[in-house]
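When the chains are written out, they are named A, B, C, D and E in that same order, and each has its own residue count from 1.
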Amino acid sequence: GGDDEGSSSSSGGGSAEAESLRLGYFPNITHSPALIGVNKKFFETALGSGTKLETKTFNAGPAAIEALFSGAIDATYIGPNPAINGWAQSQGTGLKIIAGSTSGGAGLVVREGINSPADLKGKKIATPQLGNTQDVALRAWLKENGLNADQQGGGDVSVLPQDNATALQAFAQGAIDGAWVPEPNYSRLILESKGKVLVDEKDLWPSGLFVTTHLIVTQEFLKKYPGTVKKLLQGHLESLDYIEKNNADAQKAANAQLAALSGKPLKDDVLAASFKNLTFTADPVASSLFTSAKHAEDVGLLKPVDLKGIYDLGPLNELLKAAGKPEVSDAAA
Amino acid sequence: MSLLETRDVRTDPLVRLENVSKTYGSGSNALLALDGVSLTVQKGEFVCLLGASGCGKSTLLSLVAGLDQISGGTLDIGGRKVSLMFQEAALFPWLSVRGNVELPLRLQGVSRPERRKRADELLDIVRLRGFGDKRPHELSGGMRQRVALARALAQNADILLMDEPFGALDAMTRDILHDELERIWREQRLTVLFVTHNVREAVRLGDRVILLSSRPGRVIEDYPITHERPRRIDSPEVSGQAGEITDRLRAEVARHAQ
Amino acid sequence: MSLLETRDVRTDPLVRLENVSKTYGSGSNALLALDGVSLTVQKGEFVCLLGASGCGKSTLLSLVAGLDQISGGTLDIGGRKVSLMFQEAALFPWLSVRGNVELPLRLQGVSRPERRKRADELLDIVRLRGFGDKRPHELSGGMRQRVALARALAQNADILLMDEPFGALDAMTRDILHDELERIWREQRLTVLFVTHNVREAVRLGDRVILLSSRPGRVIEDYPITHERPRRIDSPEVSGQAGEITDRLRAEVARHAQ
Amino acid sequence: MPSKFPSARAGLEGVSGDSTAPVAEKVGVNPEAAEVAGLDALELQPKRDKGRLGKRVWRSTWPKVLAIAIVLLVWQITVWSEWKPIYVLPSPSTVFTDLGNVITTGDFWDGVRVTMTRAFTGFLLAVVIGTIIGALVSQFAPLRAAIGSLITGLQTMPSIMWFPLAILLFQLSESAILFVVVLGAAPSVANGLISGIDYVPRTWLRVGQVLGMRGVAKYRHLILPASLPSFISGLKQGWAFSWRSLMAGELLVIVPGALSIGVRMQQARDLSDSSLVICYIIVVLIIGILIDVLFNAADNALRRRWGLLSS
Amino acid sequence: MPSKFPSARAGLEGVSGDSTAPVAEKVGVNPEAAEVAGLDALELQPKRDKGRLGKRVWRSTWPKVLAIAIVLLVWQITVWSEWKPIYVLPSPSTVFTDLGNVITTGDFWDGVRVTMTRAFTGFLLAVVIGTIIGALVSQFAPLRAAIGSLITGLQTMPSIMWFPLAILLFQLSESAILFVVVLGAAPSVANGLISGIDYVPRTWLRVGQVLGMRGVAKYRHLILPASLPSFISGLKQGWAFSWRSLMAGELLVIVPGALSIGVRMQQARDLSDSSLVICYIIVVLIIGILIDVLFNAADNALRRRWGLLSS
């Protein structure tokens, strides 16, 4: 990686302000900093009166990337996978990751009776989507444990990419034997369907941290309006601070925003469990992104891609420095 | 065939209408098409129906065929098989001419070669040999009518109802079909109820000619035709009686027109 | 109206067919319906067409109306407005009886009250006063035919082509309509081409009666009818000439049947 | 001999012993039974109880009530049988309690309003566009050769595949949703019209030609009325497509505030709240049925006019 | 005076000066132009070049080629205009290179096979079920009252809402996919049949009655052939629905072996690979068009039989 070119290109820039900032996020607990930032108006406050905030919500990463690329939004919270795909498709010209948001909160939940990797032979395990972080994590983990699984669902273990709703229902009815999923479904499988944790993904990563959500902007916007981007990051950091300092209130705010967006809040126990499993941090845990991409390449789910330059953490580090907090790095492990 | 022989079977009433009435629609829109029609047709009888346009002749046939329900009175055909040749040819466009004629035979379960033979015979009778493979839309109006006739004959019914079957035919073709129809009627001892506007045709063919009044239809006259068969349509007897009936009909239409 | 007066306009050929032929289908399936038909109709003339069933009369009318393309020869109607009354009534089921009659008027841009007045007049002429609000399916066969006549008359065309227009009517109603048609023809100086199977009707109405041969249709006879108008269908002159033409027609059909 | 009404021949049926008699059996049928005989009912429908509104309403209502009762019963029995855990297959009472809760919130009705507005706007647009395309395609042979099949091809495309294009063209606006809806529905409308036009009987076309109809007049007075039955069934299909596309399309742009039905459905699924899922299935079914009732009314009016239904 | 063929009257048209003449204009038209005149072409179609296969093929091909050329041109121009970055709107050449790469893998064809097998199985099932339901509903008035509208109601349900039920009933098996497909397509088939039956002309029904048709014979010999046009258009719609449902349904179950088209489409989207997305749009379009061509062939054969098209 390099903390050189990315940061220098924007940090030196002026304070040009956009008239409006169109920010995307998902109505999902892993996007809590966004949910809270919107709910508590941290973004609006940070952006000031000069820049209007427009928020858009998405149901899935691809749509968010489509919107980002076609100019319908300027920045969005998003998972690592769509970001990598977008980076690869645009050959490193479409977007930049400017901050981390969420880490952790995923793992393999299985039904009673499965106690070791060996027990998984001949079983069906769901993942959210072929080639996404969880899918890759599962495949890498299986490989490590001497089990093979191919892309078409065959092999020792049958890996079945499935949307979350289907996976949850299928697990509840015994149509699948386990699922490697992120929050809040990770907690829901445990709490509602009496699933058992076989692997908590945290345990697989060096510091227990791996990226779940981060914040990206289009390179164009970043170049044109570095000032606005900085203010966006300011709001983002305030949101993270709030979570750290007022965890209970933060949970409430996130759930309130969720309810406003989707009509129904999460159940309290799921909410609490999810918050416990998730770590909200501005650190994008770059090393986990690079490792995960490497794993994906290894299992043939990603064409070799050069991720060098996907991060531009300069503005973030400036803000962190100003706030007297430790800077973050975009270096691979 | 002597007249006596045909008389023989006339003691067997096969179609009986008693005081039959038929109303179309309801409320202010109701239209009384038939009113108190009483009529008995013996087995083997050839009865012709005459009447002004719109007086209810087709309605009467459709009641006898069971296509419409009577609104009053009694109608009884003793459960016989009825075949009706409609005023419009009403052929099925998805079948060839032969297919249309064969259809009643198929429904009777006649075997394929038998069916084909019979259909070709019938097409011969209506002078349409060689048109079996055409489609209905490739025929002229008169040809379609003849196919409909062949189809009706294929049904092998006891009672044959015919609604202006020869209306679209030239005189010569009609004469030929008169002969054929008479032959079939005699050979198969059919009971025929025959609607026409051609009085001479009615006298040529019928054992009886029944006159209906204009809206609502009522039986106003029942002429027995006693000339010996075979009759010729341009014979003086036929012309004479036709003239008489025509005058009565004209009087009736004129009465109604006032 | 004297004969001389009608003769006046006869120097103006309005419909001209020269050696017209018409083939349906192609290849082995081809059917030669008309072959070398030459015929000239003067302005204001009333020409009747006679011929066996399927000889190509309807085909001829549809060629003149421009509904089908001729396969050979020349056809020329000088761009006049043509109205055709089809063999089948072909009313539009989505329109009421009045709506059907008003349709040509609407297309001409006639105003609504004017349209309604005219349609009612026409329905009066065809003796269907009071049936304006019915739907076509509520009419009898003959009534439908009369609506089609009213619709054709509403078109106000120069040339009126009529395909067996009175085939489904009783004698009396037909007589009335003969008179009406003759009156309209005279008053509006129409040119009429009239197909029928009723030879007496042809002689009753026509200035000329043209005989077509059986498949393929060819003009085999052209009788001028010179009896003074008004004629009566049951007058001895009409009957006499009709008899003569009928014999010729019978000979033709018989020839073809062999 | 029976003296009144059509039972006379039926009485004789046994006597004649002719079992192939097609007529006798038909006539003996009583009016209520004739109603049941379906197609024949078109012709044999009794005229007498016209105006007895109550009876008519009852006759069209009881089968619905019965059907619903049967469904509920089977459902409840399945629940009682404990075939599946209650959180997978909730009982009717749970679902109806939930449904009650859902539909008593003003928020829900706001969502219905949002969704229905989109549905109607999109559908109307689709009808206009589909009609124009259908008319043009059926009119011009080269156009038909060029895009005739493409129309059906477009229709088989899942709405989700249009999302990228919709976003590209319309960003994240309401227009993007409408775009998806129109692409879903317009082909059906066009196809219905085309097929209707293709089956206009030749005779009518010839009549139109003789009457000098051309251009717009021909469409107005001949083609459209003659192809109306097929057009209406195309509209009906188009509605189904537009609604399905809308349910997917609403996930494209989520406007905070009133939550559209599509978003609510998706949310219910994401929450794996089976009771709520069934709630929304019921809501969507009811909307679908209400719309279908409208189409059927139009269709019946048409059939009555055409004389295909006794009035 | 012109001596041959139909130009005579056209020649006189100017002379007569009667611009309202409906006939003269029609006759003067030359055969090629008449072809263009669309509907009228049904009647006026020239018979002469029958058998000149080459010309006929060319006539139905050039509009397609032209249409494709125009689309490609517009697309390429848009790309050149740099309206959107190349990774959002790839150029035709990129897409066709990708398409070439995709369709030259055996894996792709395996996927096509899997998907088409499912599509045909599902569609056939839907046709059988839809036909039976349609026949029953149109036959029995109470059934119609009970579930007539429900059929359309079901149709408006997004396939995705059937997933829970599909899993409930069939777990994650092929049957679950078929279930979703059938639920998507059967209503269209049923509706097509019902609407066809409803519009069978009264006269034909009466003819059938007189011929003594009842029960199965009536359906076989009268109702089905008479309602065939509407039935075919129902099948066409049903196919579109089943295909769309399949694309969604295939995401439900990934059966070890080949990756179905639905899964591949979804993946292309997940990868934000717009070129690949367009590839699959093209693949699905082509499959849709091929199937439509089959339906059109059936439809044309039918119209020819019915005399609605000159043969």
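Criterion: a residue touches a chain if its C-beta (ideal position, glycine included) is under 8 Å from a C-beta of that chain, and two chains touch if they have at least 3 such contacts.
Everything numeric here is computed off the predicted structure, so don't read it as measured data.
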Quick one: which pair of chains has the most contacts? D-E
Label of the chain whose CA centroid is most distant from the centroid of chain B: A
Approximate Å spacing (C-alpha centroids) for the pair chain B, chain D: 44
Whole-Å gap between the CA centroids of chain C and chain D: 46
Quick one: chain B and chain C, Cα centre-to-centre, how many Å? 27
Going through chain A residue by residue, note those that touch at least 2 other chains and give them in order. 66, 70-71, 165, 169, 173
Mind pulling the chain B residues that touch 2 or more other chains? 25, 65-67, 81-82, 88, 137-138
Which chain E residues reach two or more other chains? 20, 22, 26, 43, 84, 88, 163-164, 168, 202, 206, 209-212, 269, 274, 306-307
Which of the residues in chain A end up touching chain D in this complex? 27, 55-59, 63, 66-67, 70-73, 164-165, 168-169, 172-173, 188, 192, 260-264
Considering the complex alone, what residue numbers of chain E touch chain B? 203-204, 206-207, 209-213, 217, 221-222, 225-226, 228, 302, 305-307
The residues of chain D that touch chain A in their complex are 84-85, 87-88, 107, 111, 163-164, 167-168, 171-172, 251-254, 256, 259, 263-264, 266-274, 276
Which of the residues in chain C come into contact with chain B in the complex? 24-25, 31, 50-54, 56-59, 87-88, 127, 138-143, 146, 163-164, 167-174, 176, 197, 199, 246, 249-250, 253-254, 257
Give the list of chain B residues in touch with chain E in this complex. 62, 65-67, 81-84, 86, 88, 90, 92-95, 103-104, 106-107, 135-138, 155
